[in-house]
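Each in structure tokens, the structures are laid out below.
There are two complexes below, and they share chain A, which is joined by chain B in the first and by chain C in the second.
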Partner chain A sequence: MTHLLETKGLEIRFGGVVAADNITLQIDAGKNLAIIGPNGAGKTTFLNICTGWLKPASGKVYFEGRDVTPLSPRAITRLGVARAFQIPQLFTEHTALENLLIATAARDRLRNPIRALKDTRQRAEMMHLLDMINCTDAAHQQVDELSEGQRKLIDIAVALALRPKLLLMDEPTSGVASSEKFDVMEILVKALAEAEVTAVFVEHDMGIVERYADEVAVWNMGKIELRGTPQEVLEHPDVIRDVIGEVA
Partner chain B sequence: MFIRITIPTLLLMVLALVPFVAPGMQVLLTLALAKGIAVMGITVLLRSGQVSFGHALYFAIAAYGGAFTLMLMPGADLIVVFVFGIIAAVLSGIIVGLFVARYRFIFFAMLNLAFSMIFWSILEKFYHYTGGADGMRLPRPTVMWIELERGAYELVMFYLALALALGLGWFSMRWLDSPTGQLFRTIKTNETRLQYLGMSPQRVMLTGYVLSALLCGVGGIIMGLVQGVVTPEYAFWVRSGEMVFIAVLGGAGSVPGALVGAAIYEIVRTYASAFAGDIWQLVLGTFLLIIILFAPGGIAGIYSGVMDRIAGKKEEGE
Partner chain C sequence: MNLTLFLLALFDGIAYAALVFIVAVGLTLIFGVMRILNVAHGSLYAMGAYLTASLTTFIVAAGLPPIFAFPCMLVSAVLIGAVIGGPLEWLLLRRIYHKPEVLQLLVTFAIFMILEDVQRLVWGTQPIFQSAALQLLGNVRVFSVNYTVYQLILLPMVAVALLLGLRFFLRRTVAGKLIVATTEDREAAQAIGIDADKVFLLTFIVGAGLAGLGGALASPTTSILPGIGADMIVLSFAVVATAGLGQIEGAALTALLIGLGRSFAVYVWPETQVLVPYLIMVAVLLVRPEGLFGSPAARKI
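Our next item is the complex of A and B:
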């Protein structure tokens, strides 16, 4: 069976820092994977390699069985891999709704040169998406006026608007008040399920990981230290020492 | 809302009557409209956060394209001259655009300048073909295959310039709000996200760049046909700078502002120089200084600010 995403022996170093050291991993459709690990472990680097932003010194990335290692982020996105960022990457002079509509313009290759983007038929779809993530209020606000938590949600919604098969999220709940983290995750997981998207998310909150991940991979110093179900991983003494100890 | 469009509508009506009530201003305003259309090209580019100091290139290419058309096809009709001039501007916009679309900010601005200077020197050096510094003549073409007297021709050119300014202004505004235009505007704020939407920033940049070349081309061909002659000065960097100047004066990024800015610029320049030698630079320089310091939204920004205040007062009164 071909995996949705598979990496084989990814290596990359920055100067003396080894940010990816023989990263071999398979992700299957429908199984949400949480990536945990201390800061600087190479989690974001992994997402950067998978999306073609960084090229590994050696190793390969396969998406649906196809070698995508040499492709650009643009080409990989077109194949069905979308990404949300640790720091939201939004169009700051546009409103939340416009950000989403711009994503649909890219997705559907809208070309009509005189029809306003806000009047396209994708508008209803995007209003629905905003509703799903409880951001209807933010629709007509410029995104740089929104709270950090809301911007993170909009960033994820922009990625979802592309109707990807795989969604990579870098710390989706960072910047969200801890009292709201579960609410936000609840909303996200529902939206992901409705869209039938497989998610990979980097997460520091072990409560979230336990509840929402089907599988967990533990990163440390550029390596995958451990991989398994949330129960297996979170009870492992090394993880308690290296990851949970450090974050908590 | 109503009050907002009253003044532009009145202005337009006055403008449309100029040939009858103030014929002395007709040619001046035709040239201002031509420049205004070209400035709209700069305005479009500004919406992606980029500025070009070389867009007179397309202004000149279209005018020379028209001149060559009239030289090779004597008696060609106005429409033919227009079409060939604009094709020349658009084609060169695509070719140069493919190269410059990957650069941003100062590199983008200066690369455009470099291309325009290269073209300028070609025009100067290859005088066998281009007439060198004397330029090329654009003898009056027929209009719908009818030969016109000078007065009638100038009248046609005035209304043509007015119609094109309105039509292309309308189109540019619509385009900037369209999916392609909105994607183009994201160049200003986040190219990373643009790539992660599966788009090529270079290609997105190129669409707006070609539109800007087209607009500059339309301005250039009108200018050439009205003046009856095109010289290398059309491509000179001073002219490119002038376009940026007017764009900022009118309101960086505002399409109507480009037209109003061009009209004010031409009027001040003409009447102030009649008054005293170099005074127009002083007047316009001071004006620009004030705009940048106190009203960065330009004339368009001032206008909408005043309108907001009037509308606000009215709402309070009601």
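Our next item is the complex of A and C:
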């Protein structure tokens, strides 16, 4: 069977730092994968390679069985791989709804470039998306007036507006107040399930990993050190020593 | 100053402002989207004027009615935008977006110098005059003043239509929103699948086409000779800087301010004609360095 995303032998180094050392990994549809590991282990590098922003020195990335390694980020996005950033990258002078409509406009290409942005059909679709992430109230607010938690959710909604099959998220809860974290994840995981999107997320909060990941991969020095269910991984003595010990 | 002189100065100023705005808005659009100050914009203006004059002379010589001078202007503007602007962005400017401003200025200045020589090679150094379009529309009498319909009515109409059209395009249409989005955050725009390279290319073609259109529209009103490109880039830069870089509506008002300032200077104190636009610019920038309508870190188009 073809995996949703598969990487084979990814290698990349920056100067003397090995950021990816023979990264071979399969991700299957419907199984949300958490990536954990110390800072500098190559987690974000992995996301950047999968989305085409970085080209590996060697190795391949397959999406639904197709070799996407040489493709541009845009082409990979069009195939169904979206990403959300560690720091939300939104168009700050627009409202939340406008941000989403801009994404749908980019998704649908410009069949009629002169039409109004506020097309009713897309508007209804995006209001539904805002409803899924409990941000209906924020629709008409400028995004720089929203809370960090809401901005994170809008950023992810922008990615979901592209109707991806796979969503790569770099620390979806970083910068979110700890009181808000579980609420944000709760909303997020529900929205992902409803949209039938598989998520890969880098995360430092082991509480979040334990509760929301189906599988966990541990990165260390550019390698995958361990992979398994959250229980298996989080109880592993190496992980407790190298990862949890460091960040807890 | 009597009424006749006042009206003449006023009409001169309006006609001139309309032309300067059409050129300056192209410059400010390019700056707003790509953050590049294109000195070669002046050459594109001059080449638009030369090309229109040549095409018009050709069709008049071929015995076609002079009304065809107007399509010639549009054709020239499109050719300047697509045939010169397109390859410029694609081959040269694309490589310098992330370079220091000094280098960007040097590169676009070099393009300007090269294109100035290209004009001399193609059109020579003798002034060219082709006013078929101006004569075709005739004159209009306002109180005691006779003025050409072309300059008093057509040019301002084109300028206003352009201003309203650009505003509508950037604020209300999908393509405009995608351009604004790319301007705000290029990386985020690419992450949602916007082809930022294409946005830049199309914006530059449109901006270069506007320089060509300005030249095309100016051609029947003036002798076309080497150096008009340099005059125009300096003046439209004054307009753009006074308004605030990237400000489209601001450029319209500033063009009017500088156009009127210049034409009244001609009638009141002719020695200062060349100086007045820059005096206005300096006065504004001393008080508001970000320009009349610019805000230090806000949106640029």
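One rule holds in what follows: the second predicted complex is superposed on the first by the 242 of 248 C-alpha atoms of A that agree within 3 Å, B and C clash if a C-alpha of one lies under 4 Å from a C-alpha of the other, contacts with A are read in each partner's own complex, and residues count from 1 in each chain.
We adopt the following convention: contacts are C-beta pairs under 8 Å (C-beta built on N, C-alpha and C of every residue); 3 or more make two chains touch, one makes a residue touch a chain.
Predicted model, so just to flag it, every value in this text is computed and none were measured.
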Fit or clash - chain C, chain B, common chain A: clash
First, second, both or neither for A:231, with chain B first and chain C second: neither
Partner chain(s) touched by A:73 [first = chain B, second = chain C, both, neither]: both
Which superposed partner A:58 touches (first chain B, second chain C, both, neither): neither
Touching partner for A:91 - first (chain B), second (chain C), both, neither: both
Partner chain in contact with A:120 - chain B first, chain C second, else both or neither: first
Contacts of A:107 with chain B and chain C, given as first, second, both or neither: both
Set of chain A residues, in rising order, touched by both chain B and chain C: 51, 73-74, 77-78, 82-83, 89-94, 98, 101-103, 105-107, 110, 112-117, 158-159, 162
Complex interface listing, chain A residues touching chain B: 51, 72-75, 77-78, 82-83, 89-94, 98, 101-103, 105-107, 110-118, 120, 158-159, 162
Residue numbers on chain A that touch chain C, as the complex places them: 51, 73-74, 77-78, 82-83, 85, 89-94, 98, 101-103, 105-107, 110, 112-117, 158-159, 161-162
Chain A partner contacts - residues on chain B that touch it in the complex: 171, 174-175, 177-183, 185-186, 188-190, 192-200
Touching residues (chain side chain C, partner chain A) in the complex: 169, 172-175, 177-178, 180-181, 184-185, 187-195, 298-299
